[in-house]
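First the structure, in the form of structure tokens, and then the observations on it.
Letters are used for the chains, namely A, B, C and D, taken in the order the chains are written, and counting of residues starts over at 1 for each.
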Amino acid sequence: MRSMRSTGFRRRTQRVLEQGTSFVADASASFRRNGLMTAAAVTTIMVALLVVGAAVLIGLNLGNIAEVVEGQVQVVAFLRDGLTSVEAEKVRTAVGAVPGVEEVEFVGRGEALQRLQQQMGEHAAFADLASTNPLPDSLEVQLTDPRSAPVVASVVARQPGVAEVTYGGEVVDRLIALTRGLRGVAALLTVFLTSVALIVVVNTIRLTVIARRQEIEIMQLVGATPWFVRWPFLIEGLFQGAAAAVAAVVVLGTVYLVGMLRLQVTMPFLPLAGPADAALPLLGSVLMGGFCVGAAGSLLAIRRFLTS
Amino acid sequence: MVQFQDVTKGYPNGVLALRRVSLRVDPGEFVFVVGPTGTGKSTLLKLLYRDESPTEGRVFVAGRDVSALPHRAIPELRRGLGVVFQDFKLLPSRTVFENIAFALRVIGAPPQEIRSRVIRALDLVGLAHRPDAMPGHLSGGEQQRISIARAIVNDPPLLLADEPTGNLDPNSSWEIMQVLSRINLRGTTVIMTTHNKMIVDILRRRVVQLAAGRVVRDQSRGLYAVDA
Amino acid sequence: MRSMRSTGFRRRTQRVLEQGTSFVADASASFRRNGLMTAAAVTTIMVALLVVGAAVLIGLNLGNIAEVVEGQVQVVAFLRDGLTSVEAEKVRTAVGAVPGVEEVEFVGRGEALQRLQQQMGEHAAFADLASTNPLPDSLEVQLTDPRSAPVVASVVARQPGVAEVTYGGEVVDRLIALTRGLRGVAALLTVFLTSVALIVVVNTIRLTVIARRQEIEIMQLVGATPWFVRWPFLIEGLFQGAAAAVAAVVVLGTVYLVGMLRLQVTMPFLPLAGPADAALPLLGSVLMGGFCVGAAGSLLAIRRFLTS
Amino acid sequence: MVQFQDVTKGYPNGVLALRRVSLRVDPGEFVFVVGPTGTGKSTLLKLLYRDESPTEGRVFVAGRDVSALPHRAIPELRRGLGVVFQDFKLLPSRTVFENIAFALRVIGAPPQEIRSRVIRALDLVGLAHRPDAMPGHLSGGEQQRISIARAIVNDPPLLLADEPTGNLDPNSSWEIMQVLSRINLRGTTVIMTTHNKMIVDILRRRVVQLAAGRVVRDQSRGLYAVDA
């Protein structure tokens, strides 16, 4: 048996580079030849990545909105009537020492009235309130964690000099529930849509592999090792994933930029993520997603057709 | 080179393709395997390139027990063989040239040699003028010759040919037989199944005759059939 | 040529029923045999339909929310001080006649103060306002179309007896922009995700057809008409679409019910669509989508492989 | 029954498979088409079942100009033919029974007749014992006989057989030739390509010999080769 046992060993190192180039040539040749199938697969992966990218962008923006909404939660402590400014300052210090409090601001009754008038719209009917201002002095308390509002409020209420505490009551609870809900929805959406993408990709490549199982069988009959058979599919999966990812990034980027500009005009108060903030998560998730998922998909898909 | 020890092969559907076959082929021999259709000739070859495993008994190729080979050693085994499949088994989406070059790449042949060796193999089977055709665009006999070229391109120590002249006219068949004889003279062991009475009767090589999965005749310098 | 021309005509009617049953038998047989491929296709279609169904549900709820938000838009007309109730009633009738006005409600200054106190939280500091109520009488105007608020406001302002008009100014504009934005997002999402689903389905079935092009070729060589070849694929597409649709409805229905119950507990103010409201659109879109898309997908996918 | 009028067939890749072939086959004839591999025998048959169209010239089957047939009339044409393909063309995911029944269903045969007719056809080719096997689990010769059974099951007025004995041993080949002869006696026109010298020389039917796409001999009661 002349070369039966030794072939495998002798030329191994030298062979690796040579085979590398021919694998890539193979993959791109099959890219050209199985045009229809490749187009189908790339479209499908692209669509899946669009979904993943959209989920990332939506999650990013929901996160932003939730943060801003939570940042607006504050506890207001109304002070007893007739405190001197020294006494008021004492109360301010005491409230500032309550755990969970980040910052305390004193708001005089005059300023409070002005704010109320602004909130109500500046129409004439409120003008005569200035003389008989019914509002008390108050402390506006910023929290380290908006979710601790009810607890902090009850502690602050027990401080001497504090007449009454409000943290918007139901409103704050609702805001917190809302942001929590938004976060949950964003997470769910991302998980759901990412699994969509994965399933679609694995199935696409599996169907490609099924359509070529004859080829795989023949390669193995001629003496190809499992990795020799795998490589072209792996590289093809990577190519497809990369092509799909680039297309998805271009589409998503364009749509997001245009959509963001539109939304910013009609709803300037919405705290959307800017292009700079969105670029990295988008590129990272979609490109990495395309590569990994293309590679993992082909390896998974080919598994059951190897070593009959 | 090749040895069957009391080999029985049953397929999952209950068909007993081989029954207690024992057979020994020495290096350098040229063996015809004959017998009616469905008697296990292809199965005999499939056991050698480990496309199937025996139900009972053992099969040796070059001293190694093929029937007990672990999965990862199978590619190594097949690289030492040349196989002409009864149904050709050409890659439909590769050109003729690529189909043959593929067999060389698999054994890790130096790329600079591949081109010339492929052309030489194509030349031997008389198809050097159509390296860029796709298999689906070739006639039956042309496809069969591509399959033969692929089997011999890597100078294997053992050549298994399953009905290699089934789609060839008498002249082409003779040319192919000359190619196989020449390879055999250079030391390659050849095992060939055939239904071609003329070829067997004229070449007068060793003949192994199967009937219903059993070896019913093993004769050196034999004829296709005893009573013919 | 014994039966060459006449066969096609003679038995046509009798044949239709016979072939119908054998087509269905064929389709279910191939369902069993190409198990892996069928599973892949059904999963992918199901996932696509999940996306469509989710889009429908999201659109439904966004629509609901937008409607509720818009319903809260109203124009308030503050009346001049010191009008008699007869004069006030005259003004009310005049305002009611303005185009775009649906209903006008008179709100006395006492009631207005009560509402303000409720809004601000019922704490002690406001108690003394009752004696010196600074608020005027007002008319609350419901609109036939919330988007006409600015126009109606300017017309109402010119009525005699009306001192000033507010429609929440920026707040209303923002609300309208928001609901418009939500509607737009829902529509975009539905279109986007529906095209995702369609692309995925057509590609899935096309890959299935590619994997079986040999079978199609052979059938045609033996003399099968294009429709004879198409039927099994069509029926298989319908089967797959229907199976996927049923699975998608079950998954979406469960997720929606559970999710809705959760959300209703934490955010009872969100006007979500109930199971009864959601069932019909969900069933309709997903089941019809599955059927149509399965059938259309197979017909589209098989086209290029017929009549070589 | 069949007529070629000055037919030339060039494939898109430039190969001229047939050159100015004129040929007439009368109803009830039995014609062998012989010639070296790649001379256009299969192409000749493909023109008859309209798998290919001629580049020049016209082809008639049963009086109809097949080369000018609209697409929707092709199924009708093929239902009047039985074809044994050189590469069998069996549906890989259907059983043997289903493969043959399929050809009957296509022509709209009454379902209650299908079972018995399929079994009879399988019996004729000697494979009645394995109706439930999958084609991939059969030997080469067995697959070939399934293909023959499918071609004859609907009693076609014209039978085209491309190398129907290529994978069969001499005995099976003779059995198949007897089947074809019997069908021919019942009135079916048979056109069969073959490389089997023995069969042609013993049966002594009309022989059409091709060489490089041209008809070089057309002889009734001919031999496989003039100089053999």
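Everything below uses one rule, namely that a residue touches a chain if its C-beta (ideal position, glycine included) is under 8 Å from a C-beta of that chain, and two chains touch if they have at least 3 such contacts.
Remember, it's a predicted structure, so these values are computed and weren't measured experimentally.
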Chains contacting each of subunit B and subunit C, listed by label: A, D
Relative to subunit D, chain with the most remote C-alpha centre: A
Averaged-CA centre spacing for the pair subunit B and subunit A, given as whole angstrom: 59
Approximate Å spacing (C-alpha centroids) for the pair subunit A, subunit D: 65
Approximate Å spacing (C-alpha centroids) for the pair subunit B, subunit D: 28
Centroid spacing, where centroids are CA-atom means, of subunit A and subunit C in whole angstrom: 25
Multi-chain contact residues (two or more partners), subunit A: none
Chain contact graph, described as a line, ring, star, complete graph or other shape: ring
Pairwise chain contacts under the document criterion: A-B, A-C, B-D, C-D
Subunit A to subunit C touching residues, read off their complex: 36-37, 40-41, 43-44, 47, 50-51, 54, 78, 121, 123-126, 128-129, 132, 134-136, 163-164, 166, 169, 174, 177-178, 180-181, 192-193, 196, 199-200, 203-204, 206-208, 210-211, 263, 266-267, 269, 304
Residues of subunit B defined as touching subunit D within the complex: 11, 13, 34-38, 41-42, 86-87, 133, 137-142, 144-145, 162-163, 166-173, 195, 197-198, 224-225, 228
Residues of subunit C that touch subunit D when the two form their complex: 1-5, 7-8, 11-12, 14-15, 18-19, 22, 30, 33-34, 214-215, 217-226, 228, 307-308
For the subunit D and subunit C complex, residues of the former touching the latter: 1, 49, 51, 62-63, 71-72, 74-81, 83, 85, 89-93, 102-103, 105-108, 110-111, 150, 155, 157-158
